[in-house]
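Dropping the structures in below, format is C-alpha cells.
Here chain A shows up in two complexes: once beside chain B, once beside chain C.
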Partner chain A sequence: MPEAAVIRKPRVLSRVFSAVRLPVGDPFAVVGLVIYALFIVTALSAPLIAPYDPTEILYTENYDLASDLLPGEEGHVLGTTSLGRDIFSQIVWGARSALLVGLTAAFMVAFIGSIVGLLSGYFGGWVDALLMRLADVAFGIPFLPFVIVISAFSEPSIWNTVIAMALVLWRDTGRVIRSQVLSLRSRGYVEAARVSGSSDLKIILRHITPNILPLSFLYGSIAIGWAILTEASISFLGFGDPDAISWGFMLQDAFNSQALARQAYHWFIPPGLAIILVVSAGFFISRGYENLLFPKLGR
Partner chain B sequence: MTTLLSVKDLSIAYKVGSNDVVAVSNSGFDVPKGTIVGLVGESGCGKTTMARALTRVIADNARIAGGEIAFDGQDLAALPEAKMNALRWRDISFIPQSAMNSLDPVYRVEYQIMEVLRDRGGMTRRAARARAAELFEMVGIDKGRLRDFPHQFSGGMRQRAAIALALALNPKLVVADEPVTALDVIIQRQILDQLRTLQRELGLSVIMVTHDISVVAYTCDRTVVMYAGKVVEDCDTATLLNRPLHPYTMGLKNAFPDLKSAGSGVLTPIAGSPPDLADPPDGCRFAARCPFAAELCRSTEPAPLEVEKGHIVACHRASEAAQLRLEASKPQTWEAMA
Partner chain C sequence: MSKFKSFLIRTLQLALVLWAVVTILFLMFRLMPGNPLAAYIDPTFTAEQQEALIRQFGLDQPLWRQYFTYLANLLQGELGYSFRYRTPVADRIWLLLPNTLILTFSSLIVAYAFGILAGAWLAWRRGTRTEAAALPVVLATRAMPEFWLGMVLLAIFSFSLGWFPAGGTRSAGTSYDSLWALYTSSNFLSHLFLPMMTLAIYSQGLPLLLMRSNMLDVMKEDFITMAKIKGLSPFAVVIRHGARNALLPVMTSFAISVGYQLQGNVVVESVFSWPGLGRELVNAVAASDYPLAQGAFLMIAVVVIAMNLLADLLYSILDPRISHA
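Showing the complex of A and B:
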C-alpha cells in the first residue's frame, strides 16, 4: 500500500516533535534553550572554534612568553593567562568538559534514581525498606565534602564528580519517583494488567515507566547544572584534574595567580560567567518543563 | 428466566491489624440472565467489595471467608486463579468507578483497546483494529477519536471508552462499579441509556453498583439493597420503590427527592451511622437506627426470607410492612430517632 506509506511518514515526524515538546512558550525557557544550543555547539566543535591548544604555552613574535596579555593583544580575543595560555581557547574547551560531566552525571542520577524509585514503589515491602534506608544514608552524606574525600583518595579526574553524584544524588530522584509509582500502581489500568496476568516486569515497563519518564528527565536536567557547579567547585578547591581544562580549573588558576589583585578581569570573569549562564540556562529549561509537566502549579 | 449468577452466603473479610472486619457477611442474591441488577446502599455497606469479589479482584488484605458464587455452572469462589483469570474479561468484565484512572495516559485509546483484544482475545492486529472501531460505534464515540490520547477525551467519553473496554470480548456478565457517579446528570442519562440499549441488544447481564436510588430506578430491573455488609431486601425495582418491606429501604427512599409527588420538599435523612463492622451488633444491624425496632430486633438477627414471590427481605416486622410504610412516610417518625 503506497498510500499508507505516504501518510505514515509525516506522522512519525510529528510524533517525534510532539514527544520532545520544547517548552517554547516560556520566555525564560527560550533563553535557556538558546544558551544551551550555543553551549552544546561550542562543546562539540571545540577543536574548530578554539584558535590554540588550551594547555599550550604561547610565545609572541619576539619570542617572549605571551603572558598576561590583555584582550585583543596579539590576536588573543580574551587575552592570555600568566603562563601564556589562550583564555578564549580554554573557555571553549571548558565547555566540552562541562558538557561531558553534566550529561554523564545527569544520566547516572536520573537512571539510578528512576530504577530505585521504580523498584521501591512497585514492590514495596522489604525492597522498599532497604532502598529507602539507603536513601536516608545518602541524604545524610554532605555532598561536597564527600566529593573531596573521593577525589583525595583516587586519581584526580573529572570523573570523580560524576561518581560522587551517582553515589549520592540519586536519592532525590528516587524518592520523588517512588511516590509517583505508589500512586500509579493503584491506578485502574495497572490493576487491570495485574489481574489479567501481566508479569511485574511487563507492568513496570509498559505502564509505569512511561508515566514517570517526564519526572526522570526533569530531575536529570536539574542534575546537569548541579554537576557543572560541583565540578567547578572541586576544581576551584584544587582537587580537580590538572590536565583537563575546565571552567573551575580556570578560576583556580586565576585565583592562584592573584588575577584579582592584578585586576585581570578578562581572566576570571569569562569562566565565571560561563558557569552562571549554563547552570541558570539549565534551571530555566527545567522550569519550562515543569510548567509543561505540572500545569496546575499555574505560574 | 434462567439464573446466570447466584451468590450464596458470601462472606468477605478484611484483615485490619489483627482483627477481621467482615465487610460482607452471609449475603447472597441472584442475577437472572439478561437483566440489570442494582446493588445499592450507603458508603461502606460492602457493595463494592461484593462486586469486586465477583471478579475476585479484591484487596490484598481481603479474602473470601465463605459462601459460593455460582456462575455458569462453576463456583467462582473456589476456582483456581488460572481458571478465574481465563474468565475475567472474557466472561465477566468490570467497569471501574473512575474511568479517569482506568486508562493509561501515555497510550492512545485505540492501542489500549487493541491490547486487550489481542492479548486477551487472541485477535490479529487487523481484526482487533476493526473490533475497536465497532466497539466505539457501539458506545457512541466517533471512531476517528480512537487515535486520541485519554486526556483528549471528556469525562463522559472516558467512561464510554471504559464501557467499550469492558464489552470488548463479549462478556456474559458486566459488573459496573458506580459507572456514572462522577458525571453530571445529562451525561449520566446518556451513559445509562447506552448501557440499557447495549444490554438489550447483546443480551448482557449487568450488575450495577450505586448509592444513587434514582440511577437504580431509571436503569435496573431488580434491586438488591445492602446495609452494613448484609443484603436486607432484594426484589424487582418497581416493587422495591412502591412497596418496600424493609424499614431501611423506606428510609432510603425518603432521603431522595421525589419529583413526581408534591410533598413538603423536605428530605428526611436516616439519623445515625452504620455499625462498626469490626464489632457488629447481635441483632438486626439496622436496629439502632430503625424507628420500628422491637425487642426481638435487638437480640436476634432476622434471616432473609422470600415473603412474596421474588421479594426477599430480612426483617422481623416484614408482615406489618403496609402499616410501617404509612408511618415511615411521616418525617416525625424518623426525626424521633435523631
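Showing the complex of A and C:
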C-alpha cells in the first residue's frame, strides 16, 4: 500500500499540471500570452522601468512646477499631469495595481466558485438548492453598483474592492462547475471509487477536482479582465484606493483636470490603451484555452 | 400546463431573490461604519435636535424593527426622503428613470441591429482575412472601459470638432411643452448621441459574437443543405433559412443585456453628466445620501431581476426543448 501512495502523488500532480497547460497552438492565445508576459515583467520591475516616482510632484530646471508638459518636453516620454507628475511612470506603476487586482480577484472567484460548484453538484439535495438560490441572488445583485457601495462605505482600499467583486462574480463559475460535477459524479470511475469505500472527501479531491480544475482556470482567467475593468471604473468614479496609482485613477485625474477640454490626448489615451491591451490579452488567452478544453466549440 | 407551472416556480424563486437583495441592501446601508445621518445633521445642531432627528428617522429603534418598517414601507412604494434634496426618493427616481431607459434602449437597439447584421456577415465570410481582422477588433471593444470610450468620443466629437454638446440632456434655458416634445427635439437627440454611441459600441460585441457562432452552427444543419440542394440563391439560404433560425438565442440575450447595460450606465452617465439613475447613485453614495442611494440601487436591481425572468420566459417560449422543471 505505501508504494501505491508514492506512485499516486506525482500522477495527481501531473494531471493538475496538464490541466493548466497553456494554449500555445492558437495564434491569438500566443499573442495574448506575450502581452501578459510583458505586463507581468513591467509590473514586477516597475521601480526599475519607471523614471520617476509616480506620485512625485516634479519641477523643471527653473524650479517651475513641471505641470501639463507635452510628450517629449523636459525628457518626459508621455508628458506630465496637471499636478506635475510623470505620466509614463504612472502607466508603469499602474500595471502593478492592475496585476494585483486581476490576480487576487481571479483567484478568489475561481476558488469560491469551485467550492460552491463542487459541494452543490456532488451533494445535491438541500445543499444544492441552497447554494443555487445563493447564486440566483448573486445574479440579481447589480454588480457595479454593489461594488461602488461597498468600496465607498468601507475603508478605501484595493482589497475591499476585490472582495466586493469576488462576492458577486463567483456565480458564473459556481454554476458551470456544478453542472460539470453533476456529469462527473455519475461516471464509472467515481461509481467504482464509491463502491470500493472511498469517502466523499477523497472522491471529491482525487477524482472530481482534477477534472474541474481546467474550468476553474478558464473562469479565473476571464475574471482577471472583469476585475481590472471594474477596478478602473471604481477608481474613475473616485471610490478607489487614494494611495494606489492605477490606470482608472489616472483617467479620473485626467477627467477632473479638464484634460478632455484641453485635448490632452497624451494623458488619457495611454491608460485606456493599457487596459484594453491587458484585458483583451486575457480574452485571447481564455478563448484559446476554451478551444483547447472544448475542441468542438473551436472555430 | 407544466410550462406554466415551471414559469410560476421561477417567478416565485426570483421574488425570493428580490427579497434577499432588499435585505442585503438594508444590511449594507445599516451596518456600515459611521452615523447614517452624518451628512444630514449640521454640526451646529444641539444634542437634543440631533436626537430628535434620529428619532424622526426611526434610527433609535432596534435593528429588526427598522428592518420590518423598511419592508412595510417598500411594499407601499415608500422609499423615504432624500437627505440632500429633502424630497421623496420615489419622486426623484421616477424623474430620472425615463432618461436612463431611453439611453439604455436606444443604445441596445443600435448595438443589436449592428451586431446581428455584422455577426451574420462575419459567419458568411468565415475563414477570410476580413474575419481574421474583425474578430480581434470586436474582442478589443469588449475589453474597453466604457467610460474611457466615452471620454475619447467626448474629446474628439465634442471638444475638438464641436459637433455634439458635452453633457446633460438639453441646452441650458430651453424648455418644452411636453416630455414627448423634449424627447423628439433635435436638442435632446444631439445630447443623446454620444452617450448612446458609447454604450452601443461597447454592447455590439455580444450580439455579434452570438449571432456569428449561432450562424456557424445553423449553417451545418440538414435543412440548410436541403435549401442549397433545392437551388435557392445564397441570399435566400443565408438570410431566410440561416439567419432567421440563428436569431432566436440572440433575441433572448437582449433581456440579459438590458440588465448589464443598466450597470454600465453608471459610469457612462457620469462621464456625460446624463441625469439618470446611475449617475444619481454615484452622486448619492459620494454625498452619503443613503435613502436616495438605496432607492436608486433597488430600482436597478428590480430591473435586473425582472430582465433575468424575462430572459428565462423568452427562452422557454422560443425554444420548447428548454424547461425549468
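One rule holds for everything that comes next: the second predicted complex is superposed on the first by the 278 of 299 C-alpha atoms of A that agree within 3 Å, B and C clash if a C-alpha of one lies under 4 Å from a C-alpha of the other, contacts with A are read in each partner's own complex, and residues count from 1 in each chain.
To be clear about the criterion, a residue touches a chain if its C-beta (ideal position, glycine included) is under 8 Å from a C-beta of that chain, and two chains touch if they have at least 3 such contacts.
Fair warning: this is a prediction, and the values are worked out from it, not measured in the lab.
The superposition on chain A brings chain B alongside chain C with room for both. Contacts of A:187 after superposition on the shared chain: chain B is touched, whereas chain C is not. In the superposed model, A:229 makes contact with chain C only, not with chain B. Residue contacts after overlaying the shared chain place A:211 against chain B, while chain C stays out of touching range. When both complexes are overlaid on chain A, the residue A:195 reaches chain B alone and has no touch with chain C. Contacts of A:130 after superposition on the shared chain: neither chain B nor chain C is touched. Between chain B and chain C, C touches the greater number of residues of chain A. Of the two partner chains placed by superposition, A:37 touches none, neither chain B nor chain C. Put simply, the three-chain overlay gives an angle of 90° at chain A, taking C-alpha centres for chain B and chain C and rounding to the nearest 10. The least CA distance from chain B to chain C in the superposed model is 15 Å.
Across the complex, chain A meets chain B through its residues 187-189, 191-192, 195-197, 207, 210-211. Of all residues in chain A, those touching chain C in their complex are 28, 133, 136-137, 139-146, 148-150, 152-154, 225, 229, 232-233, 236-239, 248, 251, 254-255, 260-261, 263, 265, 268-269, 271-272, 275-276, 279-280, 282-284, 287, 299. Residues 13-14, 16-18, 20-21, 24, 28-29, 32-34, 126, 136, 139-140, 142-149, 151-152, 154-155, 159-160, 166, 213, 216, 259, 262-264, 266-267, 270-271, 278, 281-282, 285-286, 293, 296-297, 300-301, 304-305, 308 of chain C are the ones touching chain A in the complex.
Of all residues in chain B, only 55, 57, 85, 88-89, 96, 98-99, 101-107, 112, 119-120 touch chain A in the complex they form.
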